[in-house]
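Look at the two complexes coming up: subunit A is in both, with subunit B in one and subunit C in the other.
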Partner chain A sequence: MPDIVSLCLNALTLMSILMLVALGLAIIYGLMGIINLSHGEFVTIGAYTLFTVQAAGGSFWLALVVAPVVGYLLGTVLEIAVIRRLYDRPISTILATWGLSLILQQAIILTYGAAPRPVTAPFEASVQVFGITYPAYRLFLIVFAFAVMAACVLVFRKSPFGLDVRAVIQNAGMARALGVNAERVYRRAFASGAALAALAGVLIAPLVAVTALMGVNYLARSFFVVLVGGAGSIPGVIAGSAFVGGLESLLSTTVPITVAQASVLILAVVIVRFRPQGLVPA
Partner chain B sequence: MTQRDKTWLFITLAIMMALTLYPAFGSFSGISGLRDILLFALFAVSLDLFWGRTGILSFGHATFFGAGAYGMAVMTIHLAPGAAWSSLAGLAFGVGLAGVIALAVGYFVIFGGVRGAYFTIVTLALTLIAQQIAIGWSSVTGGDAGLIGVPPLTLGIPITGKLFYYVVVGLLFAVVLALWAGLRGQRGLVLRAIEDDERKAQTLGYNTPLHLLAVFVLSGLIAGLAGALYVTGTGFVAPDMIALLLSTEVIMWVAVGGRGSLIGAVVGTMIVWRLQQEVSTLSASAWPLFIGAFFLAMVFFFPDGLPAAAQKLWARGKGMKEGRTA
Partner chain C sequence: MTLITRRRTLQGLAGIAAVSALGAPSILRAADTIKLGFLSGLTGLETILGETQLHCFELAVEELNAANGIGGRKIEYVVEDDQTTTRGAIEKARKLVFEDEVVATMGMIASLEHVAARSVTSPANHILMYSTYYEGGVCEKSFFSTGQVPNQQIVPSLGWLTKNTGKTVYVIGSDYIWPRNSTEVIRTEIEKLGGKLLGAEFAPFGTQDFAPIFDRARAANPDFIWMMVAGADVITALKQYQSFGFKQQLFSNALDELFSFAHPELTAGTLSNQAYFMKLDTPRNKVFTEAFARKYGADKPINAIGEAAYDGVYLYAAAVEKAGSTDSDAVIKALREVEFEAPQGNVNFAANNCLRANSILARGTPDGHWETVENFGQIDPDVPGCTL
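For the complex of A and B:
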């Protein structure tokens, strides 16, 4: 029984991070039909923001506020400088954002060095839940991530911006005809996705080694999430994250982590064969 | 035979002649270095076969190169060390492994209707996973350090030194010429029709997923062959032979040489390798930075590859000159 509880909580931790990272990818893909290979670098940027803020004497909570702002601003710059020029060339976007990802990685290595950087969680204590002792920070991470997701759902469903995004996903031409400024929607959605990835970077940083190449791990899993769940829908992202995060956590209790990840990929590919539009399409 | 075909044959045979004559002038280390580059060129040709002829970009072709490399290494070091036939078994195992992966992944993905950018992403994920397996399954693959001690290729007699070089040159051009000849006729036209508009090709009665899968598997087999031969030359296998970076470097080789011409991939590989030798001496970050900048520049300035851009520039220059005299 205690094993099952800790397994569930571990799965929820991974799922929480994946949700935040994949949401940006899924919305951008559903909205603009493009794939941002530098998305993982925004996770890295979030983690290094935490390191920089803490090294300067700031707290974890300050970084939790600063990182999304940094992500949003960099995302806006990237959208204006690169993505906007490639709207109708999806393959070119992949190549360009891959190039950008390499440049960002090396820029981080040149600035911070290749060695892992130390960051600390805001609290070290463990608490008793359902009969097991579990790190309080992980519990906070899960609750916080789900709260952010709930906020995203609210924005998506209730706010004027969310309405615009849904309209453009459904039919960009019609949305334009009705006066929606699609380009502005693209820019703001792209930047918001980057901000969420940076936020996820801060949250995951205390649990992993903070290096310039850490982002690529989350990038690959997030693509599985989008593949399995379906692009452009928040329920799809949640379903995909539960699938990828849950399965990987479950399998890695019995087999090596690499085999677990390979199995998840194989299953994801099989699912793509039979449900090309994902489990919960937009 | 059209004028275009004649030019292609002329260029291909000229390059082949030059490479055949090279050992008469080059040093021994120069020859083995060039041999490795030509095996990477064979790898680039395999990508060009798929990307160049179907327009679908695979971001994970190092998976097949690496499968060939690891297949050869594992067979010759673990499974059948010292046996007379172990090279041959390694070749079959490596190439077979690459083919099986291509067939399995290709079947699900291509028949699942995954195309365009999504296809690129699935193949990207494939390479990441393959690399993780290569690093993580250390009892078989040697983990981060890889495996040392792959014996030289032995097919009755040991194939090393100059002989290996000639075998590689012969194989490379046999593959290039065979693919060129095989794709000149209807098969090539069907692929071009699929690239232009797959649904239309389907409406005309062609089983387009089957065509794509056949090309994908053939491409994977050739990449596996290149990988298997490559490790018999270097004597070791390491995770960077199955890495995402190699998957993207091969895209760069093909793009530099111009996509779709097969021989362009060979030329592109040689040019980029020469460049890498220069750039890598600057610092460890220099080469990844260069690749990154190259992809950005390619997307914005020469989306159809360098030769097409050069041709356009040349045509414009000629046009201006004629404009002046007129």
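For the complex of A and C:
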């Protein structure tokens, strides 16, 4: 029994990490169709925001508020300066965002150095859950990740902004005709995706090494999550993360972790081959 | 509109000749300098370590140039980043050897880099100097290592650990040649000491969640845990290790000042074994650390890999002076005869091209340094079955 509990909690932790990172990409890639290869760097920026805030004497919770704002502002600038000019040239976007990711990585190394930066979790303690001792921060991460997912689903289903985004994505011309400012919607959607990535960065930072290149670890997997889950669907992110993260975690209890990762990727390819629209399509 | 006339063609040819004539002195100049290659992971997994290694290499070159260069010839160098990948190491080693035509190549962190680089340098009889402690076992004429091999690092540490903490160990490492081959050494050696390797787990680069591995390690209940997770990943592993409440002693030969300066809270209390620690109290080390601090800042860490890279440049310089040429065969012969008063102490190469290096078991302190637990002194490197 304790084994099963820790098994499930481990699976939920990895799933939550992937969910948080992939959520921003689900908006930028899934909904807007932009292949943003600098997505990982927004996660890095979130983590460095946490470091900067804590170094200045601020708390984890302050960074949790500041990082999405930083991500949003940077996302807005980027959308205006680069992405907006490339909406009809998807291949150029790949090149531009890839270049951007290299620029951001080196800019962070130049500013903060190559050494990993220390950040502290809001709570270090372990707690008793269902008969096992489990790190409290991981439990917080799981709960928070699902809360963020729920909030996103609500925003997209119920808010006027969500309605505008869905309208513009379905048919930009018709949305414009009905008085929706499509350019503004794109800009805000892109910035929101960047803000979510930065938020994910803050939440992940206490668990991993904070370095300028940390974002690289998340890029490919986020795309996998979005593709397997179903591009353009927020619930798809949950399904995709459960598949990629949950399965990896469960498999790695019985086989070496390298084999587990490889098996998950092979299964993901099979799924995308036979179900190209993903597990939970939009 | 330009007409091609005989006169114009001749003018053009004269121009080319003039340019070549201008170029000629630079070739002569090149002969006056000695060109070294530096190849390491300056981006990718080993970014953290590559930067300091490069700084130590540069410091040695700068000091030599400020004195007399190598036998009166100034040293210049080409820096290449292999992105901590095998492909990068092969491509960049080819560039250094065949395009830049450097006389020797130094650096490298992860073992996958030296394996890849050797596939280029060894057939070309090009001197490759590797400055990181590693799994050992390489026996190639043109390959030199200034870091520790297992009998200088792993074996003495195992002896201390089995005596002082207990007889059983669980290994957690990254999934590549260094942790895997080192684990085989641990398995064999601990059995000789009457202990047992209870299990070994290898995580791919960039692993985000070590929880499944830690669960199994905890279930095995070893007396101590041996961690060989490489580069930035070891920080991820340590952060999660702490939250899982292990009571066992942690030993990690992947840890040094580069990690403990950044995360003293993670390294305090853990054990490591290196040939050099920054706190080493010798006059020579004082000169070294002060020179480093002047050039790069007093808050910057130096680790054993960096010190070994620094030693490598000096040893190579001494060998070229002794050989009176940069010809590989002559320098290889001389390298086995020279010695250098290094920050870690007097060092020279054994007949198997590995350095007679120190072996210092140390414990991380809360201020990010390492205090000596036991100094095993200088140990002759052992490469089984190697005669060069």
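Criterion: the second predicted complex is superposed on the first by the 278 of 282 C-alpha atoms of A that agree within 3 Å, B and C clash if a C-alpha of one lies under 4 Å from a C-alpha of the other, contacts with A are read in each partner's own complex, and residues count from 1 in each chain.
One rule holds in what follows: contacts are C-beta pairs under 8 Å (C-beta built on N, C-alpha and C of every residue); 3 or more make two chains touch, one makes a residue touch a chain.
In this text the structure is predicted, and so the values were computed from the model without any measurement.
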Put subunit B and subunit C onto subunit A via the superposition and say whether they clash or fit. clash
For A:Met214, decide between first (touching subunit B), second (touching subunit C), both and neither. second
Touch test for A:Ala194: subunit B only (first), subunit C only (second), both, or neither? neither
State whether A:Pro206 touches subunit B only (first), subunit C only (second), both chains, or neither. second
For A:Ile103, select first, second, both or neither according to whether it touches subunit B, subunit C, the two together, or no partner. first
Which holds for A:Ser92: it touches subunit B only (first), subunit C only (second), both, or neither? first
Name the contact category of A:Glu124: first (subunit B only), second (subunit C only), both, or neither. second
In the superposed arrangement, which partner chain does A:Gly33 touch: subunit B (first), subunit C (second), both, or neither? first
Is A:Arg273 in contact with subunit B, with subunit C, with both, or with neither (first, second, both, neither)? first
Which of subunit B and subunit C A:Ala115 touches, first, second, both or neither: second
Which of these subunit C stretches, 9-17, 171-179 or 279-287, gets into subunit B when the structures are overlaid? 171-179
Subunit B and subunit C footprints on subunit A meet at residues 105, 109, 216, 256-258, 261
Subunit A partner contacts - residues on subunit B that touch it in the complex: 57, 59, 105, 107-109, 111-114, 116-118, 120-122, 124-126, 128-129, 132-133, 135-137, 244, 248, 251, 285, 288-289, 291-296, 298-300, 303
What part of subunit A is in contact with subunit C in the complex they form? 3, 6-7, 9-10, 13-14, 17, 105, 109, 113-118, 121, 124, 126, 133, 135, 137-138, 204, 206-214, 216-217, 249, 252-253, 256-258, 261
Subunit A residues within the subunit B interface of the complex: 33-35, 37, 82, 85-86, 89-96, 98-103, 105-106, 109-110, 216, 220, 223-224, 227, 256-259, 261-262, 265, 268-270, 272-274, 276
Touching residues on subunit C, where the partner in the complex is subunit A: 43-44, 47-48, 50-51, 175, 201-204, 206-209, 211-213, 215-216, 232-236, 239-240, 242-245, 258-259, 261-263, 265, 301
